[in-house]
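Order as written gives the chain letters A, B, C and D; numbering starts at 1 within each chain.
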Amino acid sequence: MNEATTLKAAVVGASGYSGEELVRLLLGHPHVELTAVTSRQYAGQTLAEVFPRFGNRSSLKFTEPNPSTLAEAAEVIFLALPHGVAAEFAKPLVEAGRTVIDLSADFRLNDAAVYEEFYGNPHPAPGLLEQSVYGMPELHRAAITDAKLIAAPGCYPTSILLPIVPLLRGGLIKPTGIIADSQSGVSGAGRKTDIPFLYAECNESLRPYGVPKHRHLSEMEQELSVAANTQVRMQFTPHLVPVTRGILSTLYLAPSESFMTEPEEAALAEKITSCYAAAYGDEPFIRLLPASALPDTKHVTGSNYLDLAWRLDRRTGRLIVMSAIDNLVKGASGQAVQCLNLAQGWDETTGLI
Amino acid sequence: MNEATTLKAAVVGASGYSGEELVRLLLGHPHVELTAVTSRQYAGQTLAEVFPRFGNRSSLKFTEPNPSTLAEAAEVIFLALPHGVAAEFAKPLVEAGRTVIDLSADFRLNDAAVYEEFYGNPHPAPGLLEQSVYGMPELHRAAITDAKLIAAPGCYPTSILLPIVPLLRGGLIKPTGIIADSQSGVSGAGRKTDIPFLYAECNESLRPYGVPKHRHLSEMEQELSVAANTQVRMQFTPHLVPVTRGILSTLYLAPSESFMTEPEEAALAEKITSCYAAAYGDEPFIRLLPASALPDTKHVTGSNYLDLAWRLDRRTGRLIVMSAIDNLVKGASGQAVQCLNLAQGWDETTGLI
Amino acid sequence: MNEATTLKAAVVGASGYSGEELVRLLLGHPHVELTAVTSRQYAGQTLAEVFPRFGNRSSLKFTEPNPSTLAEAAEVIFLALPHGVAAEFAKPLVEAGRTVIDLSADFRLNDAAVYEEFYGNPHPAPGLLEQSVYGMPELHRAAITDAKLIAAPGCYPTSILLPIVPLLRGGLIKPTGIIADSQSGVSGAGRKTDIPFLYAECNESLRPYGVPKHRHLSEMEQELSVAANTQVRMQFTPHLVPVTRGILSTLYLAPSESFMTEPEEAALAEKITSCYAAAYGDEPFIRLLPASALPDTKHVTGSNYLDLAWRLDRRTGRLIVMSAIDNLVKGASGQAVQCLNLAQGWDETTGLI
Amino acid sequence: MNEATTLKAAVVGASGYSGEELVRLLLGHPHVELTAVTSRQYAGQTLAEVFPRFGNRSSLKFTEPNPSTLAEAAEVIFLALPHGVAAEFAKPLVEAGRTVIDLSADFRLNDAAVYEEFYGNPHPAPGLLEQSVYGMPELHRAAITDAKLIAAPGCYPTSILLPIVPLLRGGLIKPTGIIADSQSGVSGAGRKTDIPFLYAECNESLRPYGVPKHRHLSEMEQELSVAANTQVRMQFTPHLVPVTRGILSTLYLAPSESFMTEPEEAALAEKITSCYAAAYGDEPFIRLLPASALPDTKHVTGSNYLDLAWRLDRRTGRLIVMSAIDNLVKGASGQAVQCLNLAQGWDETTGLI
């Protein structure tokens, strides 16, 4: 695409945290013109009235969401809607020839039956599943390039899949016994007015939730199974911790080969280093931390980076991999914009660094 | 002991977070008179000058720490000192016939060699190890009753051992493959003026540390090995999260029997329920949460409770146990006072509820 | 009253933050038996199910609020209800001869017209205003002793009136030009599920609100006017800041006499010191900080103390007084229990230290 | 200046919070090449090792600070050093013909005697005071354009002067009785390892400090006096609150004319509106909020904006103005970069939006 041209984009459901973050990124994107933002709740108000942080930066007003109006207003439409609702918009927009980047779970799963198992309803638009692409550029770059319907991955899956998939693809770890223990900031729950997400409930609080069968397991097991070329079952425990943004995931993995001596450990470490370097050495948004460092969500807040470190533990025979992302950027809106860049043939980092 | 009598107690190193918390608990204890608080840094200042929260409650002044003065001032001496330093006080005080409750790591390990492996120095008083008792009342009540040298457990070990030991003792889980993933508030690092513990460094930050060989592994593996009657090696990952107080531990365990069907799962669940009920049903400070609940550190802050919940995951064959404590109370000073109550023959909850 | 007797008490609206805090204090009160807690939302559930922190401490269940049932269940009833609703309970309970301690605004104002001006509705029970007492023990001890209807003061007013009233009574400051600038923790907003009180909205946020005519002005101006014996108008700006508990008030006052020289300043300082010492030197819950110290809400959290410090500024001719309280304790439930102690003839600190 | 040319810039003292923020802004500035960052503590380490957030974005290493090396490395040098130390670098660099933008207090005051009164030492380079310019573009745009030595204002003064100066210049408020009550995030204290700034000390803490004579009074009174054309004395109370970034200032001002009736109030409101519109209507970084809104630091975090709102209070005759900034951006490094843009003839928002 000619970079001189400006692409018209819309955000549906722009009043949630992911939607707001999309607006921030798109307003700063040099090749994009944000032409519509929708919100049932705020229709008629300006962006700046609802989000004063955008004051002086846009005079856009929220409108009621309407597929045909959206199809006219924009060439690319981002859906920041609850699952189930997203599909209602995706269908007419895709049919109208628009590119849809959906941040909900509606098009992440290849199998409508798995969707029903984890989300409790029949899939709202199974006919579209075949053409939807899982929008994780580091794993599916080629497919995203041509996609018209991109399913931006969940925040937890982003923090977990990126560290694990190269190891599985390379045969360095066993596909069994995978455990992911994650901590997430409260913005991950969305702008939902439920008691558990009030300040005075979250401050000074550490708590697990959704144990043991969180919905994000479905897309994680799907992607891990593809990488391992066998059915993978994993353990996943999310925790809510008092930060606004950030996911820290600690992954417990079993290397395929044992390493009971120091030389064996060194040899295995060498293989892991090479594996990650081959997979991510040139990736603009994955930072393989130096040997002495461990990730900290504070270093990725507001950015599209995933920071990654790992340790071998000879005492237990395990590989521990740790990752940090901003759940609203690499875990949602930033990754969606990265997909947009890719789909449009722009430099993948445009508007993201 | 006659409850009418008041016991004289001292706190050495009362200016750290554990020391301050001991002062809080002892000032409110009906059978204790706090007769001395020491601090090299604050000697000469009143408690209330250093800790305004104690204003109107005590006119005590900090003094320089000195074993012989302490032996005169108090019958029971709490040591809230760094490891290595604690032993220097414990030795003369025990020799002088005083009861010593040490909050450092100096007397938690039975084996001086393990101490040296994990703490990097030869043990400072190996001769005392034989008479020291690991001060976890729920596991060692009888021994604590008669002890003159009590080693209050570490904060992480408290949150991890209490959930696991009954399962190991009862043979319900395998002694292999144990993983503990923990999150701790920043007070756990002590009142240390290092950059990583500044507000602006910890706020909005989630980070692992001490991976993979944290010092607390030593006492955890010691106690687990006793419970399992075999050498146990475990995986432990601590994380620093932005709360002042609290430890949330999520434990990944392998049940001894498989449970691939619903009836098998129900049978196993029944056994776990019984096991915990037998072990902790009458414990005043362990709360076995109802089936629908998960622990939250917010509910134990400021108290000596440990809250515990668990889930079986038939998809993975694992048992997930989750616990929450206040690291400064049940994880340090509260447990130390619980030991005092026990050693003095008082109701174990005195001054703690 | 005979201390051996146990008083039956109930909390109506026990599921809000003030109600929960009342439950905490009453469960620990040696002369009180908590016999009923009500909540429309949680009726039928146990206290421990709704507030796990009370696990192992009470087997009480929430019930539907009903005046006649309450009058049977308890001799003293605490109302932790929204204004307007509180009066509906106060009326029948007072008529039934019960003692009512109301934490709402319904009975704080002597003048029903002022109530209507600030709260927007006609007063719901103007006939009771004459017998209600403003429940601030340090200012109205005698009246509280005999009261059957006690209006516990607002949180901001507590932090502002206690520092100012003695100065006004003593004629040390002018009754004009009083400014109170306050910061409050988010629990002050109650357990309300509105977007502005979500964690991700309050964290890393500092904001004024209710400028310039906050409702609490009404009771503050009433009490200041009585103290000054003239109509007082004051300026008040509340701010919401990211802590759960605490109010810090900074008060800008104009001394009645000028102090342009050092000796004049010293003379005035001496008078202020004496004034506060006379007013509060023996008060158990007011701490006049040493000259070098300034208040910090952290030192009063969880307690019924108000910490107070002041500075004269010769450059501007002003007196700056600063106070810190826990908005839920001295600013609400603790002060209510202090009133109970006083009304029952118990030591005023019972159950509060 | 030709925008095609790239300007070489250096940051001295780049390891503090302001220095780090300068690095962030300069790395993203399209016309600047960052050629040197200095830090005694971290010399030899890469930017990314010390600040992992800059990983993948720069391969620069910290060097020892040295004026002659710096003069060779860069055309513009930012000094993010303690006061007193900054002057030692400014002198040789200005003499070498470099442009110096100093974030310390060393060159903010016109009068060396005032510097000595407030900072406790004789001024380190009084000869440079005449040529230094107070770097607040909205107030001193013309002077900054030609300046070789720019003193970036303090964080509090930025949040306080910008709202007040237009009102004083326009004669709308009296120059007497000005009160500024401010709350600041902890990063304002710098990356200093003192106990009061530890996480566990700041979290859940609200506290005033530096009452009544904070150092920033000196530059505020200097600028207000110029604006009012008479000597101004003001009251200023800073508070430390648990956020990382942000300053919220609430200003109590006395309008020059009284407004006791509604029409008088409306007339005065109209004048204030016009005054601010004239002063700031076209300013890119000052946002005059709509009538219904109040500022919230959350909306300016990470940006160079100052958000401003005001209210007239007919009950007290006062004007309340409230402002919010990010202390590290508009209050320090962002404003410094804004000055750079201005001094270089670039669009003032370059690299800042």
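One rule holds in what follows: a contact is a pair of C-beta atoms (placed from the backbone, for glycine too) under 8 Å apart; a residue touches a chain by one contact, two chains touch by 3 or more.
Every value quoted in this text rests on a predicted model; they were computed, and no experiment measured them.
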| item | value |
| --- | --- |
| Pair joined by more contacting C-beta pairs (B-C or C-D) | C-D |
| Most widely separated chain from chain C, with each centre as the mean of CA atoms | A |
| Averaged-CA centre spacing for the pair chain D and chain B, given as whole angstrom | 47 |
| Centroid spacing, where centroids are CA-atom means, of chain C and chain D in whole angstrom | 39 |
| Approximate Å spacing (C-alpha centroids) for the pair chain B, chain C | 37 |
| Multi-chain contact sites of chain B, meaning residues that touch two or more partners | 185, 201, 203-204, 242-244, 296, 298 |
| Complex contact set, residues of chain A against chain B | 179, 181, 183, 185, 201, 203-209, 211-213, 233-235, 237, 239, 241-248, 250, 252, 294-298, 301, 311-313, 315-316, 318, 320, 322, 324 |
| Chain D to chain B touching residues, read off their complex | 17, 185-187, 191-195, 197-204, 242-244 |
| Chain A partner contacts - residues on chain D that touch it in the complex | 28, 49, 51-53, 55-57, 203-204, 284, 287, 289-290, 293, 296, 298-300, 302-303, 305, 307, 353 |
